[in-house]
């Protein structure tokens, strides 16, 4: 809210956010500002201590164990396990698979992320219907989600692996380009896009640090720490959930599970994390 | 899946499929909007029409360095200024205590929110406002001492009310929601927020 | 990576092995450890440190500084999970309890520490709001208490 | 039946550090579901840890313990290969017992 009435900024300053101008206007109260900033730093340090205290025990382990069970257990009309599911590195290869997703799959002719690929395997290998395979993509207390458990298991098998999402197929490049467009798409009653919160470095929402997903380091750190156990919910949440809930808070309608938009956005964000070590399931607020 | 197939029929997508990277930016934007529309479903109060962009939304859906030229931004601001509706009673200051509650509340307009519950402004999500609240965001500038620095003149009241009502009238492509223009907050709620920022008794100015 | 996975698989195998053990327990064939003391409903229903001590069978507390809070944070980013770590440096510590003033019921958890076990526990509690949190130590039959404030903040988008 | 616990027991110096994760909702009885109905209380009340049949920790918990509880403690006298057994009983009488092998 930095602009004064009637004030027309020069061409040079115009496109910079109102932030700098406001800071100048607030120069008169630098002392009190300084004090506030200091207490802010102290808060950040203490929040960091909180996060470190949590890191010691991650309940996502419970989802991993259940997911491994689901992966190996025979189930569905075809009474088959998922052990021959091809996640991109060949049938049954789980280790490192998540670090190379989303990617183009020739057998379906489309780009798929982990969750849409798991859906595909549960349909083709186990004989589930599309409706069954997309039932309860996200859990809620005792209504547990098989998808979240499977994702916890598969992603944990990429821990320590460098992100290496391919853009070699034209459809992978198309998904990336579309995902990038969607990232900047403003809509809804609040005019929000992904970029509203995630295109500037060093910003916070309340006390929560916001990764700048247009900048390599932040994009890497953000993507490689999902999925995550969310202590605020007591649930292990996947990357599709992350997108689903961002859009809810953007005041958009509901992002459909395994939809083309979710895969395109995931392709954009996952690819931007290339080169970084994958380090999830993590634990977050 | 159908949407992608449909989108693939567009010229731009055919260029992609042919491995040629000369798809126009405008085509890509259209294609992205089309895929988005096919990927969302209405839920609660959030209908699919929320994906229909108005002029500023469409013009501002770009990377930060690709915003419209200055003359166009100024034209957009003027157009938005013409849409601000000031209170008929001419009073712009409400109760700062109510304003503080509105600034704290983050509910409203999400598909998970009941439309019966008044929306909040969620101002603390992006702004430091009072010294007492340590949980504040930094997407917007700090507003501590807002009124103390600027005074409480009629012109300042009018600017502040208008800025909350429609920030894009003063800074095109601002990140801040157009709280009045898009009926997120009521006239009375915006008056309360204006008081939170300008009332000498408000903790903002203490 | 390998180590984590191995231990998970082990846990799974052990999980099924102990399901069998669980059946024996249910059938009363073996008792897990020593007999469970019955859950102290009274202690978990009252408000205030003094009332908790009373329902645990004690009479009054003394303030102490011989308790360290370890990795317990001063600010919690979310009240649903507040990590608490308490180490008692008081000789002959028999039990450690965690109390939260502003919760609906003050007592959150109580641990009995037999000889051979360190007087040190880490766990996580829910807090509805910023509150005084107490570590209540029973040592050599007497009760000691240490207190610290933990702030609970509102994080995220606030929606 | 509840999911298995995740138990890790590791010797560090002359102590064995035990870390436990339990799958449990830990319902307080004060939360309302989406339909506005109170979700009944359901939480772990008693936890016991044994090593070679000897109790090394016992606990009583109320509903203020966080969902999917985490517990860490340490004791003396175990050697690699020993078993640590953890049991819990909740407010509905549901039980769970799991064990882990002490790692060097």
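As written, the chain order gives the labels A, B, C and D, with residue 1 at the start of each chain.
We take it that contacts are C-beta pairs under 8 Å (C-beta built on N, C-alpha and C of every residue); 3 or more make two chains touch, one makes a residue touch a chain.
Please read these numbers as outputs of a predicted model, since none were measured by experiment.
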Chain nearest the overall C-alpha centroid of the shown protein atoms: A
Which of C-D and A-C has more C-beta contact pairs: C-D
From chain C, the most remote chain by mean C-alpha position: B
Whole-Å gap between the CA centroids of chain A and chain C: 34
Mean-CA-position distance for chain D and chain C (Å): 11
Mean-CA-position distance for chain D and chain B (Å): 47
Gap in Å, rounded to a whole number, between the CA centres of chain B and chain A: 23
Contacts with two or more other chains, residues of chain C listed in rising order: 8, 11-12, 15, 80-81, 85, 122, 153-155, 157-159
Numbers and ranges of chain A residues touching at least 2 other chains: 43, 56, 61, 65, 205-208, 231, 234, 248-249
Multi-partner residues of chain D (each touching 2 or more other chains): 4, 6, 66-67, 70, 72
Contact set on chain D toward chain C in their complex: 1, 4-8, 15, 26, 28, 30, 45-46, 48-50, 53-67, 69-77, 85, 87, 89, 95-101, 103
Chain C to chain D touching residues, read off their complex: 7-8, 10-12, 14-15, 17-19, 21-22, 25-26, 32-34, 36-37, 39-40, 43-44, 80-82, 85, 100, 103-105, 107-114, 116-118, 120-127
Residues of chain A that touch chain C when the two form their complex: 43, 46-47, 49-54, 56, 61, 64-65, 68-69, 95, 156-157, 159-160, 205-208, 231-234, 248-249, 285
Contacting residues of chain A [partner chain D, same complex]: 56-59, 61-62, 65-66, 141-142, 229, 231, 234
Partner chain B, residues of chain A touching it in the complex: 1-5, 11, 14-15, 17-19, 22-23, 25-26, 28-29, 32-33, 36, 39-40, 43, 110, 170-171, 173-174, 177-178, 181-182, 184-193, 195-197, 199-200, 202-208, 210, 214, 247-249, 251-256, 259-262, 264
